[in-house]
Amino acid sequence: MNKMLARVRNTAIFASGISLLALSSAMATEITVWSWDPNFNGATMKEAAARYAVTHPDVTVNLVDFAKADLEQKLQAQLASGTTDGLPDIVLVEDYGAQKYLLSFPGAFEPLNGKIDYSGFAPYKVQLATVDDKTYSLPFDSGVTGLFYRTDILAEAGFTAADLQDITWDQFIDIAEVVKEKTGHPMLGIDLNDAGAVRVLLQSAGKWYFTPDGQPDIAGSATFKAALETYAKLLQAKEIYKPVSGWTEYTGGFTSGEVASVFTGVWMTATIKAADMSGKWGVAPLPKLAGVEGATHASNLGGSSWYVLSSSAEKDQAVDLLAEVWGKDVDFYQKILVDQGAVGSLLAAREGEAYKATDAYFGGQAVWQSFSDWLAQIPPVNYGIFTNEADAAVAAQLPTLANGGSVDDAIAAIDAQVRAQIQ
Amino acid sequence: MSRLAANLRAALVYGLLSLAAFLSIFPFFWMLVGTTNTAADIIKGKVSFGGALSQNISNLFAQVDMLQVFWNSAFLAVVGTILTLAVSSLAGYAFEMFQSKTRERLFSVLLLILSIPFAAIMVPLFVMMAKLKLINTFTAILLPIIASVFIIFYFRQATKAFPRELRDAAKIDGLKEWQIFIYIYLPVMRSTYAAAIIIVFLANWNNYLWPLIVLQTNENKTLTLVISSLASSYYPDYGVVMVATVLATLPTVIVFFLLQRRFVEGLTGSIK
Amino acid sequence: MAKSRIGRAEQLNGWLFIAPALVLLGIFMIYPILWSLWMSFQTGRGMNYSFGGFANIIRLTEDPVFIRALTNTGIFLVVQVPIMIVLALLFAAALNNPNLRFRGFFRTAIFLPCVTSLVAYSILFKSMFASDGVINDLAMVLRLMDAPISWLGDPFWARVVIILAITWRWTGYNMIFYLAAMQNIDKSIYEAARIDGVPAWARFVYITLPMLKPVILFTTVISTIGTLQLFDEVNNITLGGPSDSTLTLSLYIYNLTFKFMPSFGYAATVSYVIVLLVAVLSYLQFLVARDRKA
């Protein structure tokens, strides 16, 4: 009953327009952080806060979590309004969107050069948060890619781990066809509305939708053509994949045991391990684009970083939290790797114990070591500010390509749409 | 009409209604079933009850302060509905009862306001609320929705069926305009009000974009925001999401169930 | 008309009764709307914008994505709104019959979709229409088709799924307005007609429909606006795909504002396309409603 009354009173306070923030600011320092998955990045920040509190007992971290799309809406609306009321001290931003925010809202984020030693982080993560020689992020989780596959299904089709080392996409399709024929399992789940795979292929060869100076690099790019041709070939081999729509069905494909493999970012590990298939999974390097200069087995999908808002009242404390824990605590990175499966971008963390450990779920493979090796090989590219626009243009062509449409026509259409959109 | 034809027609009506009822209830039923299943079963589309209900409930309550969140949503929905109906039904009534050229033009302008996507006016609205120091308050959520063009329009259209003779008679009896509205119009139009309460309650309860932008702290979040955040993690626990969605649905179903009787009573009894 | 009867006191009351609504709308709608109108003449990235004159309007005509979104929205409007309005009217008429059994049950059932959570029903719709979902299984068993249809992977069928989803969700909602309005019709008119031997369908067409006209007009205008602003279903079920076949104007505005490089000016311009369409369509709908009265 008393609790109910307290609620009524709280509501009355809100209704009269006095914000709770104003009431609490007189007390100890509180750092407000926005993130989007309480079981993943939210949990890692909670761990960081606990470690920081040991040396700074007066500092507390207030985590507010939103859906990722919700967080982006909120941040964008508030930055656009020009009022800094209610903005957090630290916010998580997905890497693809970093340049967009930095360039659309100049002055909103705090450069951290001199406070963070960027030479200790994976170079591609640093580059994507850099504008005019100033770097704005504390690089967080990497989207380093790999090919997760079901060892038992592949074995049934007559393949071993060695058969997946150093292969091209053409070889991958051949293997997938055998797997389908011998076991009945589709090799992949593919969403024709998602262009993530094309991004993975492009970056594996060190290219992007745009040149480093921001011009479209689509029509006339040999790498783009090779990436799209390769993906079209995969899409046209309809028997090897299960068509899915949306995230739930996509992840449901392999967590239910139906789909035999998935090539994606390392952050998918937790999802794969949530299914009950210990000992049946393995990780192989990403297949490579054939005949393309600079093609590698390493790429990236997604990933995110922490940014400090310039308007923050607790700016120095927030930067210090990032520098002290996220910037150098190798032990912290072992902890979040084990607990959340989060692969950070601090290179020194790779020397820690947890990264060397083997995982029974993956048949005793030292998966983290593999991922951190690939992480160091990811070709850095400049995502630029129009990745989402280009992505939408590519996705619009995928159904046509799957039905045997011409790759050259698709490239022309994508190029035209991107040019129309980037003004 | 022959007996056979009548029976055939009845069979057709009941058949179609039953089909529609089945299609309408099934997803709702599935949502209820989902509260008892694990995330993996839900994704597979399992349609039978499972044993994960207590686990899902305790997971939800461990992650979210449900009592607080539910209270926030309920407060906004109830207060919002009362204020919206008071302000907007009055205006709708007046637009129809007291017509003038100026107000007719004004009414057409209001209709256009209704057609502007909220995304287009959200940023300036946020700036206004910041200047009024109302960020992170419930006041900021309620202020822009109390005067609802949608409800004004609805009451105006519904008032066209209101018998003007009643008002004329009341005037002869010496009632003032506000008395006519409260003592004559309100009781006569109760089925219209019942429909409006359902519609406005539903809209306020599910209000999403504006609360998302305005509310900043976990303590102030509404149920809709919490569900959105639960449903979109990298590996959402749909069992927990289903429990939350059922809790989010119940109040509207109850409001509807209590008010739907109004749709059969109508203009009967003392007033006429 | 009522105008001629209205006296000075009623004029005053007319303003007093709408004053609270008008003040609130004036403060919290008019200013933001003027701001967005001004924004629609600005071009630039994020908060770095400058006056661009009619640049945004020119951009509209050259933007293939906008044309696609406009076409899709038009298709949804033309196909879906009439189906839904007719269905809602038929359900309301059937459920208004006092001799019908289980009325309360049917009413509640048909209303349920609009309270069923969007999250729950979009997961369910996606799983039902998945390539190995229950719809395909059923159709194969019944031999309605030879090979499973990729409902959400095919531009045509994805539109069909969206139309089904909106109709499913909003028919019961519209029905409520009709049911409420039917209570305001004098029962004695029906009695007289029945005694005169007027068949049920004729009573519906010649008594019910004309009496419901203001509310039918209301729901048509509201549904038109709702469809022009269609967002929830496409954002949750298809994300506008495949091949942008279910991309709506509202989803495009959302992308321009939140997902793409924020171009608030251009997004505002697209918003005013919706306003313009609503203005034209509502005017036509009011005109049709008036004609029938004469």
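In this document, chain identifiers A, B and C correspond to the written order of the chains, with residue numbering beginning at 1 in each.
The criterion applied here is as follows: a contact is a pair of C-beta atoms (placed from the backbone, for glycine too) under 8 Å apart; a residue touches a chain by one contact, two chains touch by 3 or more.
Computed from a prediction, not measured in an experiment: that's the story for all the values here.
J.: Average the CA atoms of each chain to get its centre, and name the chain whose centre is farthest from that of chain B.
T.: With centres defined by C-alpha atoms, farthest from chain B sits A.
J.: Kindly indicate the chain pair that has more C-beta pairs in contact than all others.
T.: Top of the contact-pair ranking: B-C.
J.: So the centre of each chain is just the mean of its C-alpha atoms; given that, what is the distance between chain A and chain C in Å?
T.: 37
J.: Centroid from C-alpha atoms only, then distance chain B to chain C, rounded to Å. What do you get?
T.: Those two chain centres are 16 Å apart.
J.: Which chain A residues reach two or more other chains?
T.: In chain A, 69, 73, 77, 80, 82, 248-249 touch at least two other chains.
J.: Chain C: which residues touch two or more other chains?
T.: If we look for residues of chain C contacting two or more partner chains, we find 123, 127, 257-258, 264.
J.: Going through chain B residue by residue, note those that touch at least 2 other chains and give them in order.
T.: If we look for residues of chain B contacting two or more partner chains, we find 43-44, 122-124, 228, 231, 238.
J.: Can you list the chain A residues touching chain B in their complex?
T.: Chain A reaches chain B through residues 3, 7, 10-11, 14-21, 36-40, 62, 64-70, 73-74, 77-78, 80-83, 85-86, 248-249, 251-252, 255-256, 267-268, 270-271, 274-275.
J.: Quick one: which bits of chain A touch chain C in the complex? Just the residue numbers, please.
T.: Listed in rising order, the residues of chain A that touch chain C are 69, 72-73, 76-77, 79-80, 82, 100, 103-106, 192-193, 242-246, 248-249, 385-386, 388-389, 392, 395-400, 402, 416-417, 420-423.
J.: Which residues, counting only chain B, touch chain C once they are in their complex?
T.: These residues of chain B touch chain C: 1, 13, 16-17, 20-21, 23-25, 27-28, 30-31, 34, 42-45, 87-88, 90-91, 93-95, 97-101, 103, 106, 110-117, 119-125, 128, 143-144, 146-147, 149-150, 152-154, 157-158, 160-162, 177, 181, 189, 191-192, 194-195, 198-199, 202, 227-228, 231, 238, 241-242, 245, 248-249, 252-253, 256-257, 260-267.
J.: What residues of chain C sit close enough to touch chain B in their complex?
T.: Result: residues 1-3, 6, 9-11, 13-18, 20-25, 27-29, 31-33, 35-36, 91, 94-95, 98, 100, 103-117, 119-121, 123-125, 127-128, 133-134, 168, 172-173, 176-177, 179-186, 199, 211, 214-215, 217-218, 221-222, 225, 228-229, 250, 253-254, 257-258, 264, 267-268, 271-272, 274-275, 277-279, 282 of chain C touch chain B.
J.: Can you name the residues of chain C that touch chain A in the complex?
T.: 43, 45-48, 59, 62-65, 123, 126-127, 129-132, 150, 152-155, 237-244, 255, 257-262, 264
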